[in-house]
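What follows is a set of notes on a single structure, which appears directly below.
Just so it is clear, A, B, C and D label the chains in written order, and each chain counts residues from 1 on its own.
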Amino acid sequence: MARLTSLAEAISENVHDGDTVAMEGFTHLIPYAAGHEVIRQGKKDLFLIRMTPDILYDQLIGTGAARGMKFSWGGNPGVGSLHRFRDAVENQWPRPLEIEEHSHAAMANAYEAGAANLPFAMLRGYIGADLTKVNPNIKQVTCPFTGEVLAAVPAIRPDVTIIHALRADRKGNVLLEGIVGVQKEAVLGAKRSIVTVEEIVNELNPPSPNSVVLPSWAVTAVVEVPGGAFPSYAQGYYPRSNAFYIAWDEIARDRDTFQAWIEENIMKARPEDFAKHAKKAA
Amino acid sequence: MSDFTPTEMMTIAASRALTNDDVCFVGIGAPSAACNIARLTHAPDITLIYESGTVGTKPDVLPLSIGDGELCDTALFTVSVPEMFRYWLQGGRITTGFLGGAQIDRFANLNTTVVGPYDHPKVRLPGGGGAPEIASNCGQIFITMALSKRGFVDKLNFITSMGHGEGGNHRERLGIKTKGPTRVITDICMLEPDPVTKELTVVSIHQGVTRQQIIENCGWPIKFAETVIDTPVPTETELQTLRDINARTKKAHQGTKEAA
Amino acid sequence: MARLTSLAEAISENVHDGDTVAMEGFTHLIPYAAGHEVIRQGKKDLFLIRMTPDILYDQLIGTGAARGMKFSWGGNPGVGSLHRFRDAVENQWPRPLEIEEHSHAAMANAYEAGAANLPFAMLRGYIGADLTKVNPNIKQVTCPFTGEVLAAVPAIRPDVTIIHALRADRKGNVLLEGIVGVQKEAVLGAKRSIVTVEEIVNELNPPSPNSVVLPSWAVTAVVEVPGGAFPSYAQGYYPRSNAFYIAWDEIARDRDTFQAWIEENIMKARPEDFAKHAKKAA
Amino acid sequence: MSDFTPTEMMTIAASRALTNDDVCFVGIGAPSAACNIARLTHAPDITLIYESGTVGTKPDVLPLSIGDGELCDTALFTVSVPEMFRYWLQGGRITTGFLGGAQIDRFANLNTTVVGPYDHPKVRLPGGGGAPEIASNCGQIFITMALSKRGFVDKLNFITSMGHGEGGNHRERLGIKTKGPTRVITDICMLEPDPVTKELTVVSIHQGVTRQQIIENCGWPIKFAETVIDTPVPTETELQTLRDINARTKKAHQGTKEAA
């Protein structure tokens, strides 16, 4: 059964130095508040996993929390580069970053295989692509019926997965809705999981019997953090702050402005500070 | 210069290649604009799919990211990302995929990964995202990129997604059954692969552009097709539709800047 | 785009003698009306696929429409045997029935692989089970990363899949809800597909953005057949007739009573006759 | 005979083995009754999963099939069948699976496929359904079957799902990490595998049953554990709960018989 707890406790109990950590979210429902708590607690040597590392992973990389990253697209969507990610790869600042790079299809299949307790995923993919030359974790498997050769990648089984969801009930059952990405798979494939939610309610009331629900017994910790996905968004609660994504480009371009921003907005901040972003709900 | 910009021409030319029956895998930027212009003009029943899982979207403003709430709000339905890549893209359900990149070569291979060596890159680009499998699993691929020597290069640093590989029947030899890139729409002209060699060849030139301009802006000695037509200029409707959606989009994305 | 048509036309255009046909439905939403039309039109030599062949497949087998069947559980749920299926396997009446037998997990994975355009599916399955000795379509595949050996089965790609759904809009977009089984996978993996629905509405109005929807362009034909799942059920429309499932045991036990029932209730009936079962909605 | 039937005793004994923390993969018939009695008596927070995809169901009447509407109506959520078998069963999320069969052997292997040769069966049974993977992927397996010479056989015609195979560490040798059958609940006694040989052994005898009856009803020379206890008789609450749900169920399933 999921434990309903505080963000500080959830992170301190479940995220350990050196862990393989997936903080997932495909544009929607990115767990910013939880990621900031990871930075605030000074977690080290993390191996980060995410299909679309965006600003949150730029922050984790720029503060030196990460030893490596497995990913398929590392940019600021619609804006441009992740400057901290580039600085780490191009100049090893603030430390070298080991990268394992895949395509979206491979990552999505690898999460799916992790949730399904399979050791690897297969896909019709990577044909003629140079990633196969630089990533030894892209192999092949042959169909025992047709002889066709498919690409194979290892399943993703993080030590801990962190996601943000819309709401949970008091037992810790969680509802996701809208662009649900790979979050369900990332939680089910992980050893431990933390879910921050916009609100904890008496009755979950999923709109459809087929809604995307994570039952309490498949989640380790549930934390109420209203606004916890900002500047990403929570469908039906508050919109994506595209303005912040645009503004980040300037903040992150320079090491000093980046560090000043981290100090002011993460180190001196608290999870409750995210609540102000939730107030903009229509 | 007439009363439209090269980027407007590029977007509108791309939109015209789409039909009502298309199921499009849309990328951000120019492809998203092109697909939605098609939907708002000559192809109202076109199906637009974004890799975030939104199927049949009809956004009123263009998304900044691939997963803006607008895409889900206006979608017929939204699936998980594994389902999107497994059942819909790999499932062979997409007729047309849009790609772009930092670099393209004469066989429409694309690089969005690195400039310089992979292990010690001069510029680390975002990476392939969905491109490697979009390139092989969609029925055909349209590419939109402004023509420039920096982008249209003789040799790629890295093949992020395969177009026609080494040219000729290279795709077939690798067992790929889809067509690959059938059209490259730039800001000054349109290219198509030669039917046999698969080398990109100029087939249409936008208004006011000279052959010399095209030659000077391409990183390889670019060829012209036997018949090269003038790209029809944007209609009033096309231009107005594009400018309206751009204006709505600009307004929507300029919210108040806030710190997290 | 799906064609909105009559049941007679949908079956006659899309189901051909000798076809591999999946009429799916996991207890819920079984396409009885469509299956009866297949029998009425005298389709022959069908190779049937279904995880849980129940009364409908008993009827198809008993009338001699099937040359073979791929399945994982062939019984009358909670009641007992399928007597026509048994008579075919045990006594070759009315004709021999070739069988390809799997487990549920293998069939579910095989449908999934079909929808994903993969040539085969893999699973942690069949360990120590004798089906591996009698079914040559159960093979093995080795993980290229861990060396683990998994079971492999061919993907299911029917010539035609037939399902029943709740409703469709006038463009032919289809909504399923409740126990959705493998229907989405069976449709996406098939060359052609027929969907019968309880009703055709102006607006589909799925209750959640993540509802189970089949878009018009992924379906061949859509037909309005109210009550078309009876004695199975349609969530929110009418309940399962457990009484009919119990009664079938007696009807099907004997060849003569079975044939009389088919004559009366299928050969002399029309798709519109199913509408009376839809009238019982709460 | 006391005031309860052997079947009632079997169901109630099975229900007692379940706890609040269990996530159960429920089969139809006796398992469904046992799981719901547990839920309605000592284990209100138990999670019941039916292979039709319904998770966390709380049916008011017992389903006739594995996919009655009642199961979906009362579920926390309902997933597709591929997801059920991939993420939830194979994913290792199920603590306890229930199985039964036409035949069982001394190592708790089960046959629900055929009597006689597979290619020319004397009796064609329904087949394995979910059993082969339930048997290997659930944390442990409970089996409910009435004890009879026809069902408890010396040698199976067909191994539909593996229990302890040839006994001893056979499961381990095949790389299976789950416990397999830990308990067989019959109408007259309860069996557990011997810790070393894994042969099913009588550990508990229901009220009014003699050892001789057990020996006579088993198709192999059945062994008794060193300590054999008397199965506690059903409590008033257990019996009443079972009879109430059976009465509700009977009433619900006897609708008007209609032709399709």
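Note that in this section a residue touches a chain if its C-beta (ideal position, glycine included) is under 8 Å from a C-beta of that chain, and two chains touch if they have at least 3 such contacts.
Predicted model, so just to flag it, every value in this text is computed and none were measured.
Annotation of chain C and chain D: jointly contacted by A, touch as defined at the top.
More inter-chain C-beta contacts link the pair A-B than the other of A-D and A-B. With centres taken as mean Cα positions, chain D sits 40 Å from chain A.
In this assembly, the C-alpha centroid of chain B lies 57 Å from the C-alpha centroid of chain D. Inter-chain spacing, taken between the CA centroids of chain A and chain B, is 27 Å. For chain A, residues touching at least two other chains, in rising order: 117-118, 123-124, 148, 178, 180, 184-185, 206, 209-212, 235.
Looking at chain B, residues 72, 78, 86, 90 sit in touch with two or more other chains. The touch graph of these protein chains has some other shape, matching none of line, ring, star or complete.
Pairs of chains in mutual contact: A-B, A-C, A-D, B-C, C-D. On chain A, the positions that touch chain D within their shared complex are 1, 115-118, 173, 184-185, 188, 204, 206, 209-213, 215, 217-218. Residues 21, 23, 47, 55-56, 72-73, 75-79, 86-87, 90-93 of chain B are the ones touching chain C in the complex. Contact residues on chain B toward chain A in their complex (touch as defined above): 28-29, 51-54, 63-69, 71-72, 78, 80-82, 84-86, 89-90, 109, 113, 118-119, 121-133, 135-137, 158-162, 165, 170-171, 174-176, 252-260. Chain A contributes residues 26-28, 32, 36, 51-52, 71-75, 77-79, 81-82, 85-86, 89-90, 101, 103-105, 108-109, 111-112, 123-131, 134, 148, 178-182, 184-185, 212, 230-231, 233, 235, 239-247, 261, 264-265, 274, 277 to its touches with chain B in the complex. Within the complex, the chain A residues that touch chain C are 117-120, 122-124, 137, 139-146, 148, 150, 152, 154, 177-178, 180, 206-212, 235.
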